[in-house]
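You will see two complexes here that share subunit A, one where it goes with subunit B and one where it goes with subunit C.
Coming up: the complex of A and B.
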């Protein structure tokens, strides 16, 4: 009997202690952060952000849950001080586990984002998979924008970058990815660059970071060469002029079939071989004309040439202007020449490396358009 | 009907003790000593462990249904046997105290940030006490069931991590000219296999002894493979340069991945915490049992459950003694060095004495 009583007692204690009935706090008793902005204002750290509003409001009653947010701001000489200042005007403890995006202001990014990335890494409730971007506008202004899309700015940015990454048109750089890049000797990396374009929050290109400091912006239209080396599922439309009639254009959907990067180490100089096999599908022609079989090969060469130029341009820029590896070649060098990698600094030898780019394109279909029609008509 | 431990239960008890807290920090240790090629050192460490497992098993099988306190008395004089048993008691006792403390510290730093350490420690030890008083056959069953759950959960996690990892992070795999370095590095990794000393206090039946070898040595081989998966999965996501900064390497890795396709379990750290706490529970449970078992052999007048209460209460207070996380780590470091005596030195000495005695008998 006594044994049974003990067992029941243990069960009651466990059920109270383990199911969270003790010290329970409702979700509306916490400030759930949706997005965080970090910037530098007159030598002070500025935190801004969006906090989810759980209490229903009459004005926003019919909007999506994620649209109900209010903005916060605080200043301080250090991260700790800025946070303290925020806490002193806040009724509930901050919960960072639901944050969708960290937005770095340009001024702050130019001075270096490494320290904040480390803060995220060591803050228990912060997700390390949180998206990190650099903003053209001050984060406090950007995160206060009325999106008119019935969605919080944090979610909007996450969705835009997520969609573009899915299409291979941008990269989705998480804090965890950036921390891994920093530890590697390559010294450089890129992250999405966003800002306002015609009153809309848009993806503007890629921010180039060296030693975690912003050194340049690559405009969206010039990022394709970079993306060929970084993303897996690139698919982009490319307009190619017709061989015989320059007024006509073919629109091809190009995707990466195979990418191989090999680094040889010859006479103390690394030689980077980039082999890229591309698949091209004819999406449509500007004007319907017969595509001769003999021209297919010419078009393939033309596509390859154009894509090769794009890759060449960005690599040359990285070697001559940025003087740092933003492509992750360091990992290939370490994997293929570990002895040399440990002896020398990749960041010093990368700018003098030779680069051999080989692009091979195959037009795999013409989108079910019968290319023999014209010939038959002519014969008749 | 007399209860006996099945071979599978014995092998899962070994699994329960070997794979404990180490699951979380092993990738950091391996990457620190050998980078991407650290897995080769793990292979060598597995082979060393199998060798000493064989020695302990063959010693136990020479004295069926006996534990070290009994056969050490037969092989040596009672004074030395007494010293050995006291050493094992101290080793298991400090092991479980410090294991409890470091686990509670890690839980507080990573999951339950507002919960006091003593609450976590007390909760763990109350459950452990309840299991210990049901003795080794219940513990065997718990380890068997929990072991299966730990293995299934962990392998699911490892493969999920691999899906998010980068193949290039794992290279280079192997270099022939580094072979001496791999063997040298294995000496620091071999501590991750501490736990096989539990075989010295498990009563093993003489019959079907080949099966015991098969199960236990097979389990050590599996643990080696399991460890390699653990290490390689973490390196695939974090890279070997980055992972060396994390004592909680596996948890840190899981917090860096987000598998959108898995929908409501896209964040895998929740699954890991369940698996890891189960694995810690098995380790602490076995160590508490080993302590209580050896003390009860010395104090036959006191009941097993009373000793269990005493050990759990004292253990609880001792676990709260270290002032900092670093102090706990230092003590655990000393304990793992003591482990070399319990796994290598004492069993080898006893094994040699046993062989000499056998040969003398034969020659007579």
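Coming up: the complex of A and C.
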């Protein structure tokens, strides 16, 4: 018994000495950061952000009150200095574990966000799943916006992008994703681009990043072609396509059934085969009318053609204008041709590579299209 | 004549409450000795004195008295004068006469019995309601009534130099592993104690080590529980004057098994077992987890939870460890008080607990609402186990883990939990590993345990090493 007690005592003393859990601090004794903005102002780094402000639950009786936020701001020549300046006006240490979004100002993004991403990578209490976006406005202004839609601007941005990603209309780029993209070094990447639109914070499109520097912005209208290639969760993708035909207009909800990307390497030129199977669901017609089999086939072809054009346009733009692969083809190439990948530099051969796109659409709700359900789709 | 005097002297020496009644016969005197407090006096006058007086004119010897005159069913003759004391103190009446060496011992015991009543500790929805009483005979008769097997054995021992309490071991001879019977016998025969007042005494005697925290014998209040255990190949131990029987050996997982699991729906049985296991862990770890999360590893939670947690704690002046220990202590005090409280003032404890400590303390900003939820949940969980004895060590160990977590964070929690598991796996009960089924892992036993369905598991649990493996 006594020997056992000694063993336990030694175990406890050793662990107290070695584990170093000296970071004991109750959560209410920390400044919980909800969002962080990074920008450049006259050669100075500007940190801004929202910090959760906890109102005492006493004020509103028994109900726990939803947290409010207050804004912080600090300037410094370097990250360290900006942080130091911030700390000097702060009651508690910063807690970054609850941060939901990092907003990069456009000016700062043009100069490269790589260094800050590395800082996130090395800061232990930062989550690597934090969302990173580029903002049209200065982050300090954007994060200071009064919003009724959510607890804080940080949450609002995160929820908007999360919702859009779920519908296949945007991508949710976490710092972890971006870091692994940077690690690849052969390709660029895209990030959500947000800004104020009629006094509301909204999603504006995608920011194209090359070597971690902002080079262009793709407007939201033109992103669908790109999202066909980038969306992670195929089943949740919801594209909208409206086709005008003679005297009627049809609205389709498009989902991706199958996506296959294959890269062949022939005569020093990579050929990218993109194979897309789409399902289109007719949401509504502007005028109700009987749809015939021929019409359906025509519509299917038209949808396919339009989607193919969209994809083609954006790839061409990437090859000619950006000279940078922002679609993640590099990873397919590496997976399928590891030897060539190691010999070649993908960023050099990508602009010259051939792209073969095949889009196949099927309208799935033909029964609903038909007004007279019992009748089979009739031949005209 | 001398002998008569000797006996009377001897009897009076035993206790001055011994009453010696002389019955004068035509051929000599017959004496009747008993302690009025312990005996049924109506029985003595009706079944002993009356028939003797009817034969007043006949010459009767002890043999005749025993076999043809007195009406007592449980009577025998003896001549050992040394045993006189034991007999009379147990409530027997002694009949002797001036002209014989032998004496008669007639059972005229009178005990205050309470009727068989519903169980109070092991309450269930669906199970027989006959719980044991303080009378050994009643308890044994309840067992005999359920198991009409010829190999049901009842070995009796007298323990306690002063209380002379009867302890009876009940088992089915051709099922039970003889080693266990031997070991229990040995342990019982080695006991040197002046008195046994409750089955808890025997429970402690059967422990391997007096300082072991976890119970190694099961307690049973319902007769069907004991019968089910005896049929499994275990030993039931009954103690005179105790309304709680013991069941040995009992391993850890069996403490979380309730009788109605076997009687009720199969799926419900499995579900409630998982529920109990969860409750056991929750009761042990919930408060510590709170401390670990609030003070060390807030990052574990999703951001919305972090904000909610921080909001709930903003006005609390204590740090999380003090808060957790304080609330757990208050909960334990409430529990302790509710046991001692007379039934009439019982509802008061509910008011004190819910309103004063729960609501008012939160409103005053002394504690956070979350810890109230956690502590009450962990206390609620501790009532889930069918056998409450398994929860007693958990209640104490909970504080140890909170303390360790307060110093070392999640690491401390894991360390405390590991220490408990190491301790548990090193325990044995009658040579059976305490964590049998889990360590050493036996899938079949676990399956049998979870299903608790008599039609699905045709064999008795293998860790019991019974003579007869098959249930038939």
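The rule is simple: the second predicted complex is superposed on the first by the 313 of 380 C-alpha atoms of A that agree within 3 Å, B and C clash if a C-alpha of one lies under 4 Å from a C-alpha of the other, contacts with A are read in each partner's own complex, and residues count from 1 in each chain.
Methods note: a contact is a pair of C-beta atoms (placed from the backbone, for glycine too) under 8 Å apart; a residue touches a chain by one contact, two chains touch by 3 or more.
Keep in mind that this is a model prediction, so the values were computed, not measured.
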Original post:
Does the superposition put A:127 against subunit B (first), subunit C (second), both, or neither?
Top reply: both
**OP:** Counting touched residues of subunit A, say whether subunit B or subunit C comes out ahead.
**Re:** C
Original post:
Touching A:284 in the superposition: subunit B (first), subunit C (second), both, neither?
Top reply: neither
**OP:** Could you look at A:184 and tell me whether it touches subunit B, subunit C, both or neither (first, second, both, neither)?
**Re:** first
**OP:** Report for A:265: first if it touches subunit B alone, second if subunit C alone, otherwise both or neither.
**Re:** neither
**OP:** Using the touch definition from the top, say if A:174 reaches subunit B (first), subunit C (second), both or neither.
**Re:** first
**OP:** Identify the partner contact of A:332: answer first if only subunit B is touched, second if only subunit C is, both if each is, neither if none is.
**Re:** first
Original post:
Is A:10 touching the first partner subunit B, the second partner subunit C, both, or neither of them?
Top reply: first
Original post:
Which subunit A residues come up in both lists, the one for subunit B and the one for subunit C?
Top reply: 23, 125, 127
**OP:** Within their complex, state which residues of subunit A touch subunit B.
**Re:** 10, 14, 17-18, 23, 124-125, 127-129, 174, 176-177, 179-180, 183-184, 328, 331-332, 334-336, 338
Subject >> Of all residues in subunit A, those that touch subunit C in their complex >> reply: 1, 8, 11-12, 15-16, 19, 21, 23-28, 30, 32, 34, 52, 54-58, 61-62, 64-67, 95, 97-100, 125, 127, 151
Subject >> Complex interface listing, subunit C residues touching subunit A >> reply: 211, 294-296, 298-299, 303, 306-316, 319-320, 359, 362-363, 365, 369, 404, 407-409, 411-412, 415, 419
Subject >> Partner subunit A, residues of subunit B touching it in the complex >> reply: 36, 109-110, 113-114, 119, 123, 126-127, 130, 166, 168-169, 171-172, 175, 237-239, 241-242, 245, 252, 255-258, 267
